[in-house]
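Paired with chain B in one complex and with chain C in the other, chain A is shared by the two complexes that follow.
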Partner chain A sequence: MRLMSFRGGGKTRPLGDSGYAHSRLRLVVPFLLPAFIIYTAFSIVPLVLTVSSSFTNWQGAGMNRPFYGLRNYGLIFMDPQFLHALKNTLIFAVVGGVMVFPPSLFIGWALTQNIRFKAFYRYIAIAPLMMSVVVVALLWKFLYNPVFGPINSLLRLIGLRALALPWLGDTRTTLPAIALATAWQQSGMWILLISAGLQRIPPDIREAARVDGASEWRTFWNITMPLLWGVLRLLLILWIIVSLQVFAQVYVMVPHGGVAASAEVVTTLMYNRAFQSNQLGIATSMATFLLVAIFVLSLLTNWFTKRQVIEF
Partner chain B sequence: MRQRIVRVALVMAMVLLVGLVPLCGQGKAIKGGPLEVGVLWEEGSPWYDLVKGIGDQMTKDYPGTQVTYTFNNTAARPAIETRMKAGNPLDVDFIFDGMDANTYSWIDQGYLLDLTSAMNQKRADGTTWKSDFNPLFLPSMTYKGKIYAAPQQVYTWLLHYNKKMFDDWGLTPPKTWDDMLKLCAAIKAKGVAPIAVTGQVNFYVGMWWDSLVQRYVGSEKAMEYLYGTKGMKLSDDPGFLKAAQAMMKLVDLGYLIDGWQGTDFTTAQVYFFQGKAAMMLMGSWLMTEMKDSIPDGFQLAVAPFPAVSGANGRQDAIFGRALSWSVPAKSKNPDLAVEFLRRFTSKSISQTASTQLGSMSPNMGVTPPTGITGADMVLKNAQKSEFIFYNWALATAKFGAMAAWYDPIVEMWTGKLTPQQALAKVDANMTSVRAQRKAGM
Partner chain C sequence: MPTRIGNTAVIRRRPPLQFRPGRLVVYVLLSLFSLSAIAAFAWVFMISLKSTPEFLSTSPWALPQKLRFTNFALAWQKARIGSYFLNSIMAASVGATVSIIVSALAAYVIGRIPFRLNALLGNYFLVGYMIPLMLTVIPLYFLLASISSANAYLTPLMIGWGPLLGLYVASGVPFNTFVLRGFFESLPTEMEEAAAIDGATPFRTFWQIMLPLVTTGLASAFLVNFLSLWNEFFLALIFLKKENATLPLGLFYMAQRAEYTAQWTDLFAAVLITTVPILIIFALLQKQVYRGMTQGALKG
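Let's look at the complex of A and B:
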């Protein structure tokens, strides 16, 4: 069958290869153009502006941006607050990762089993994902309230008064507490993707392992996990990107960075430098550094977690 | 025909009159037009209504005037300042303070209108707009000899206390730091937390630190340390350590509310008004900010921060600031904006705010608020004492100077650092801030 080009007057004629490509282009470009313009305006241009501003001493007043070379990068690395925020960001990523992966894996696996009310449980597991980050942060802020928060009230009720800590007021617990709230919300996506990954694994592979005498645990580790590895790799990289960019949860739960900046992360410090101190040059150099760090860490993770692809 | 002539003449006379009224007052006619006014208060609050009342009157006085109100308090500042930089400012904004060196760049870069001539213009009675204000607040209005702002109300840090609780228990506000410790012990013995405070905002803990530092070492030395370039260390003056140790006593003796570290500031304030704590060191905005949450029968009283006997600072000094408002150079309607500002900072509006909203006035001859016991005395004393910009103006300082100064003190209060370690950490932080300042000049 040949494509026909439609011309004015209702006449048609067959298209050659170049005519086909041209016609396809005419069809595709109008569809892509709005997305391309929006992407350029809201992603590419800000990215270029951010990176270029990081080499200037932009104080935020007007568009006067004197060239500053690499001095901003020198300044941020001599700033103990930035180094502290960077350390906190990495801790957040690790602690949050530990909080999000094992429970998601377990719940995702449980949701693929033959259990009653599976749809209901799936809805419950995924529900946090549908809530706004700000709502989740406020909800957990209320849960963590040291005096009337339900967590501490419950702990006191069951006689564990010593464990009723000021969760967002203790330098040791603030960051893990925020990481838990973030992991709780993000786990919806993780559970969804892990469940989908598990459902893709043909049941007869696991069945064959069982027939060969493998225990459930061994089947999980030696059969399920390798076959799920592609999904887990993707989720790990996603988590690195999400966690290193965490902002809203911290900003809402501890607007001033927590007690003695115990939960200050790079993005909140960047925001303060940009909009409280008007040090846009410094802030954009932090942003650029974070961008590069995320890129490098994602590449490294991708490289380190590479395994032979198992076709099934 | 005759009737028509009379009607036209009447209309012309009214037009002439409307045009002449503003001319009589200010020397030139003010044209109506759009006017965007910054408001620090939410819609529906008494302050908002007060500001709106001025706008409504302006609309009547200058036909064609359309006043809009834009929230410009802390959370909105980034957006408001971005607008200023982009050449689309609010017409009346709260952006400059002559006591805060960090705000001078707005003037240096030509963003604000010079109000000097408007301030010095003589009225029919020989007074000027400038003469309406207490000279104590002139530094807030001025930069390099010119006036760029008009103060509208004054905030000071005060020791707020529950008067009924104090009266019932026969207690009096502390005059000295020793009194303070005895008072806290007496309150604690009654089963109430002596002090409400939040650990979530470093500068609220910092109020205690700054006040004690001022009392022990004096403001000149503190400012020299914070903004000087001599590389001074906190150990150079034993007063800093004494201040930290005095502050630490409040924690060691259990005088703060339970869970203060994780309690946000609104909750801490609610605890105070619910009688769960007897005192709170807070800005004088507390009364108006919490007006809707104050239970019936609660009697609020204030006292200055206690003096420290034999210490080096001025023992009657108070921290505070005058909220000063400016007109941007790129205001769409500068004459109208200046007129709004003139009315907003007038004695009559200030008196209304003082009487009805309990605010402290920067104007001369305004009766102090009566709803808060002790407020009149604090303000009266302030006029002859040292008036220090609160937080030493660190809130707008660059390179994270505020966190560098306060965070180790908060850590000290949490028990993570000893006073000596906290001071060493402040020194390390400030050394870095100074180095960054130098490198980033």
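Let's look at the complex of A and C:
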């Protein structure tokens, strides 16, 4: 397994007929141009604008962007609100990662086993991934509701009245509650890729271990897991990318970042700085910092987990 | 039964089912997980059948007094979910279609025609995987807004659907070119040679021979694009006005209103209107969705 990488036209051998091969080159420009223009205008230009604006004191009205050097970066790192949001983002990533990983691994594995109703279970497990984040956020907001939400009604019903907390209204529970909703939706991707990865492992390897007398648990831990490592590290990187830029869940579930900004994350703060206080310089330096952080963390994860991948 | 995921078919020998305690744990956990998800949606459906006074006065577990679908009608018309629905269909299908077309053209050139900048451009399109639009799009909005305030005649192009669709198309390009390039590369050279000998122009070879051979790739890429655009929220939040929202955005504004008006029941109906079509499409096209989603990630 390799992460996405590119070899230009590697598999295509040049055609023998040089006249045709030559006339084929006339396709290059017209075929590439539409994708190139749209992609450049709407993916690369925004990136360049963001990074360049982070060195300016842009106030959002017009394109007057006075150069400001690195001062925005100094300002955001002295801003307790930003540091708090950054801390929350990291907590969200770690807590959500812990929530998404074990259940997905279990369900992804179970779905490759010889069980009944497999198609049904798989459908239910992956369906959340097909829903809009807004739908998932609203659904969980209903579930957590202290007045009519089923979670608290259920807790009161079974006598755990003390546990019936206002989940999205308590500074201690808001962030984990949002992380759980996100983990539930993201687990769809994890389950899908884990079970696809497990299917790719040739069955005879596990069979051989079993014949040698290894228990199911041992086979899983010592044979399957190492072979699955390529998929797991890909998912870890995906989770870093997804969780560090969490926005919609927080924005929909708790307006204004929750009680005492207990769920304020970097993206929601960035959004406020841009649209409420018109501090584009500050907002873009937060965005640039997060971009670099995501990039560096992904590379580090990729690098630190690389050697353990077993080719098969 | 052959289990197909991605491009690999694995034929599994099924040992006879036998009772093992571990199996039981697997069933119990899977069933609990599934039942709670189903229960949550059943609950949403139950509430969507209640009237607001009934919802506020009865227990959240109480069955609705009668089957009334007025909330769905209310949500569809008064809360404008109907028009948001059309907007979402428009945005997702236009965005996905255009993205697939431009990506297929680019992927064909990158995958099959060796030329000097081939590898460089292939990597250029891949960079997009690493750039989350969500972090970079805000300055673009302000740039376009300032262009439009200086040149009023450009406003329709700078604000609203124009840039949003541009972003939707661009957001699909890295995935689509990557997946489709793989499909084009896997086609045998002989097909092209035969067409060339028969005197077909390069464009005709592409259009009538090569493109029809990658229909599966086009279809699953379209599906993945459509689903992600149907659910897209952040870009719509920035570029669209309240009156002109897509479904996720419209739902969000509706939920904001419900905080003050306590009109929860039609919001529950609206959540179902948004979700059920997607769940049905997903049920019908499961295999294609799995294939599409694993293709991008698990290559090689």
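Going forward, the second predicted complex is superposed on the first by the 281 of 312 C-alpha atoms of A that agree within 3 Å, B and C clash if a C-alpha of one lies under 4 Å from a C-alpha of the other, contacts with A are read in each partner's own complex, and residues count from 1 in each chain.
The rule is simple: a contact is a pair of C-beta atoms (placed from the backbone, for glycine too) under 8 Å apart; a residue touches a chain by one contact, two chains touch by 3 or more.
Predicted model, so just to flag it, every value in this text is computed and none were measured.
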item: First, second, both or neither for A:Asn57, with chain B first and chain C second; value: first
item: First (chain B), second (chain C), both or neither touched by A:Leu290; value: second
item: Comparing the two partners chain B and chain C, which touches a greater set of residues in chain A; value: C
item: Partner chain in contact with A:Leu168 - chain B first, chain C second, else both or neither; value: first
item: Contacts of A:Tyr144 with chain B and chain C, given as first, second, both or neither; value: first
item: First (chain B), second (chain C), both or neither touched by A:Asn272; value: first
item: Partner chain in contact with A:Asn222 - chain B first, chain C second, else both or neither; value: neither
item: Contact residues of chain A, present in both the chain B and the chain C interface; value: 60-62, 141, 255, 274-275
item: List of chain A residues in touch with chain B within their complex; value: 57, 59-62, 71, 74-75, 78-81, 141, 144-147, 152, 165-171, 254-261, 264, 269, 272-279, 282
item: Contact set on chain C toward chain A in their complex; value: 3, 5-6, 8, 10, 12-15, 17, 22-23, 26-27, 29-30, 33-34, 37-40, 43-44, 47, 55, 59-61, 101-103, 105-106, 108-115, 118-123, 125-140, 142-143, 146, 149-150, 163, 166-167, 169-171, 173-174, 177-178, 185-186, 189, 192-193, 196-197, 201-203, 206, 227, 230-234, 247-249, 251-252, 255-256, 259, 264, 267-268, 271, 274-275, 278-279, 282-283, 286, 289-290, 293-294, 296-300
item: Residues of chain A touching chain C in the complex; value: 1-2, 4, 6-17, 20, 23-28, 30-32, 34-36, 38-39, 41-47, 49-50, 53, 58, 60-63, 103, 106-107, 110, 113-115, 119-128, 130-135, 138-139, 141-143, 148-150, 153, 189, 192-193, 195-197, 199-200, 203, 216, 231, 234, 238, 241, 245, 247-248, 252, 255, 267, 270-271, 274-275, 280, 283-284, 287, 290-291, 294-295, 298
item: Residues of chain B that touch chain A when the two form their complex; value: 77-78, 81-82, 85, 105-106, 109, 111, 199-202, 258-264, 267, 271, 395-400, 403-404, 407-408, 410-411, 414, 416, 428-429, 432, 435-436, 439-440
